[in-house]
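Have a look at these structures, which come just after this line.
Note that chain A is present in both complexes that follow, paired respectively with chain B and with chain C.
Let's look at the complex of A and B:
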């Protein structure tokens, strides 16, 4: 893969989105805490990058921060979000709203039931993306909306376009959400657990759809999930998050074949067998610490089977191991003989 | 939709019937009767009793009720005991004035209350919001007679901008458009006083709905689409927030109509208020029953209007 060096560091030419050093803080009643810290990754053109991790690990905060849709008490305190060569954090809010959101990046959410406005028709909600920014005629916008609805596999779109969300099934609604995200042909689509609320057969259909869109339209997808089966199904690359940090990053093949970080290993061990043999599901004991109670040193040390004294005292750096980046002391090349 | 409206109208007939039976019975159970006012020392007990019998006041209440009902269904509201005035005419003279006042207050409640609520929600927890909250609290808690007198003091006596009472300038005898302007001029203070607590209720309710709606997922979706703030607030949030406000819409009509009694007496407004209060004192059963009938109809119409508006505003109900 060709590499170019620009002022911002090393970037592959085909990288459409690069996030680096992203840190988000929330001010709460108990004080100000960072929900994610130093999050960095690149999304390549036409690829799907999955963010995976248990509940509370910071997946949604990461995606909302990219969209600059954080809750009122949240703030991006450091980092860069470079979309196609442009750092979004340098742009005025007006520009973000007018030129970026819905145009160059779109987002679909977990709950298709509540993410659509109940009193506006499907057509109104899809076309407003076009009408708002592109100044095209209403009729043309509706024609385009029908076309997109057809592309996302909605039968008789001419009829559906006049319907309200409550007249559609959950799967259909999520297709409408996807159509809404696609209508202005964005460079990047962020999908935050788009199938979690759906039953398995519908989930499979939606995943197929996203995969097809990626191939047909070259849309780059940032796919948030806590389901490793889904990652294996749809993603090219994966980042594993734990307690607000990326702990492992690499291609799906590498990470699934040879998970390096104990947390990733735990997650994969916790994954229901792909061969369909239902046994005892191994799980990682404990839960993700809340943002106010993150342990010192390595954040995973209190749940880690390989923890040694250094893990409690010192936060690990990120090491390059094989094809992956791993945040774990075990992979420190200068590791002293003290452990094991 | 038409079928639904017809069905609701038919359903409301037994309800109105029930209300009139109940209020008639209660009224008859209360002590006193219309002739008590005419008693003068020269009338003998026998004559009084004879008049009572002649007027049918000695019949059991349900007999009297049936008699009243059989006239009312033919559109005859009856005559007063004192003076034998046509009740329909008495009400016909007063009802329009009360409707003018009530309707103005109704329009004012929503025309002012809704924007205040939206502003408070959009500027949540700013000084504007706190100011509006205080206004609303004062609005619901100040009794209307006090507020009415305050307004009269400020705007009539101190500033002399508005007349302190009445509906027309009796000496000027305006006609045509000048008369309408004259009435409007007299209407300002009573309409404000009557609507104050309703403005407060509407604005609080609008604000809290709007605050809730702005937290909804679909608002985040709208933001993710890069819509302008105006489109998010008005197209996406406002219309959803208005749906529950419709309930207040229906409730406001009878609330203002009965509130008008007090406002009318503060401002000497020639409406139903003074007629009704006098009628109760004089035991003019015909008038009291006619007023009950009107109020009951208004309540039911208010509810029906609200339900129809719900269906118009919310596609989930329409189907």
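Let's look at the complex of A and C:
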């Protein structure tokens, strides 16, 4: 069991990944902007942590930063990414490439067709990581690949292993991606919108598979999504991001049943219900601000029904409220009466 | 009998009202070359023998997975594509035989709002020109000042401001572009609007705004919608009745509450069973439907759903079921229910 300290200095025994103070900047023609700021969380062994947010929230930048897959103009300017006791940002690039990525952390993407290599067979792609980094003999690697394909529910894997990505359906391709991510038995799997491009009946199969991997192999999953319904089904813990910051963090039950941040409340309210509610849907007015136009103070203040003068002027700190961490002035225990 | 299902999208009482549009045995089959050098042998049945009505003032939701034919259906109804077989009547007139002149007139009454606003907009046109394009075609004699006023009115109607008329699509967010496309769609004051996945690409907070906007416009302009979406939650919220498609065929049509509360067709049941309840305390076992949607090129001989249906028997594999009307106002195509 890994021993790490979380941001509050409390030692926990089960955290496999701890991200703290993570800040990423992008340089563009119009200047330098921080895509995410002061992002921190812990992922526990054998748990699924969902990062949920709308476009521009920074959820994907967070996962790409952990995988060190940021675009050329992106740079981590602060923070730590501690995997099983090692800060990845202190390791030489060579070490990251050969020992960490694909080995201890792997990633699956939304659109497997663009992430898979179209000119390599399924078998070549799955065994690549084993042959390159683990020095396993080719025959053994292929046997392992067949075993993994079977684990992710691909029928007749001996045949599939010789096929190319374009010969597979969308659901099968996503299973191949998961098999690739799984073959090295990583400690952490990052899944970025892995079911967003799939039909609902296929999405159900893939979510079921990820849940089974977590239970049977103890894989820890960081699940990045815009879809709160998927979060409700698969996550143990949730992080809600807005405009580059975490605004709320807590267990999935707490966040869904007692959302604290006005943005989380707005998001949950705006989801159309399956039980059929008449009338207009509750909405969050306005739009998500672009990276270049983030408001001063609290970044949500111009869309927030509870905003008061302090929210425009001062960025809120993070407060512990019940089981959650919330970035909102409303929960400042010392807040003065006139600001209420 | 009045299967009243008053709903979020407009408050028109919907039951067996006046039929605005009716389709009879509507099919669109494509001949497809299966390999580059091979003969043009296979037939792809994008939609196959669809019969249904759309009542004036209702929202008919159309739901299904990839390859079910929902987008093809919308295009055929608006005569953007010709059906290979079958009839479509609009306000009692058969429109499949319309010539170009009459089609042109028809297109004032029927509009299409597309899924991806960015790719359906010319990036070099201003918002004013995009919104006024249909008017320049259909109302050439309208005075420029009058047009300008109308463009501004339309923008305000969809929740934008008049001062954006001179701006370009790239200056807008996805939700704002969708509003512009909606403004263009209602510019000619149509009666019937096909909305094809219009909120699918939008963020949750913006999606809710656009759904409310469509409901508001429907009430104000007495519109009738055919609302195509793969998202069952959105379908539940906006529809008065729902049509479920699978591999180009109708599985079930029912008033929205009946369909969601008491789905009859095994495919409707599987579809509803596969989606999350959105409640972490109630993570009931999803109904995991085995297998995948067959290619429409090799559609099964019998019921299209038979290859995945938990109830299928020999007859289902051999013989196609017919759409049978039920007492409660729904139609179902299944041998087993």
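By our rule, the second predicted complex is superposed on the first by the 321 of 340 C-alpha atoms of A that agree within 3 Å, B and C clash if a C-alpha of one lies under 4 Å from a C-alpha of the other, contacts with A are read in each partner's own complex, and residues count from 1 in each chain.
Just so we're on the same page, contacts are C-beta pairs under 8 Å (C-beta built on N, C-alpha and C of every residue); 3 or more make two chains touch, one makes a residue touch a chain.
Everything numeric in this text was worked out from a predicted model, so none of it was measured.
Trainee: Mind checking chain B and chain C on superposed chain A, clash or fit?
Mentor: fit
Trainee: Quick one: is A:149 in contact with chain B, with chain C, with both, or with neither? Answer first, second, both or neither.
Mentor: neither
Trainee: Who does A:328 touch here: chain B (first), chain C (second), both, or neither?
Mentor: Touch status of A:328: no partner.
Trainee: Check the residue A:97 against both partner chains and state whether it touches chain B (first), chain C (second), both, or neither.
Mentor: Touch status of A:97: first partner only.
Trainee: In the superposed arrangement, which partner chain does A:24 touch: chain B (first), chain C (second), both, or neither?
Mentor: In the superposition, A:24 contacts neither chain B nor chain C.
Trainee: Considering only touches as defined above, state whether A:106 meets chain B (first), chain C (second), both or neither.
Mentor: A:106: touches chain B, not chain C.
Trainee: In the superposed arrangement, does A:188 touch chain B (first), chain C (second), both or neither?
Mentor: It touches nothing on chain B or chain C.
Trainee: Does chain C touch more residues of chain A than chain B does, or is it the other way round?
Mentor: C
Trainee: Please indicate which partner A:51 is in contact with in the superposed arrangement: first for chain B, second for chain C, both, or neither.
Mentor: neither
Trainee: Given the touch rule stated above, what does A:233 touch, chain B (first), chain C (second), both, or neither?
Mentor: Touch partner of A:233: chain C, not chain B.
Trainee: Per the contact definition in the header, classify A:66: touching chain B only (first), chain C only (second), both, or neither.
Mentor: neither
Trainee: Between chain B and chain C, what is the tightest CA to CA spacing in Å in the combined model?
Mentor: Minimum C-alpha separation, chain B to chain C: 7 Å.
Trainee: Show which residues of chain C lie in contact with chain A when the two form their complex.
Mentor: 6-8, 65-66, 173-176, 203-209, 211-212, 215, 230, 232-234, 236-237, 256-257, 260, 270-271, 274-281, 283, 286-289, 292-293
Trainee: For the complex, which residues does chain B have touching chain A?
Mentor: 216-218, 220-228, 231, 235-236, 239-240, 243, 313-316, 319
Trainee: Under the stated contact criterion, what part of chain A meets chain B in this complex?
Mentor: Against chain B, the touching part of chain A is residues 67, 69, 96-103, 106-107, 109, 111, 114-120, 128-129, 132-133, 164, 166-167, 177, 180.
Trainee: Any idea which chain A residues touch chain C in the complex?
Mentor: 54-55, 169-172, 199-205, 207-208, 226, 228-233, 235, 252-253, 256-257, 266-267, 270-285, 287-288
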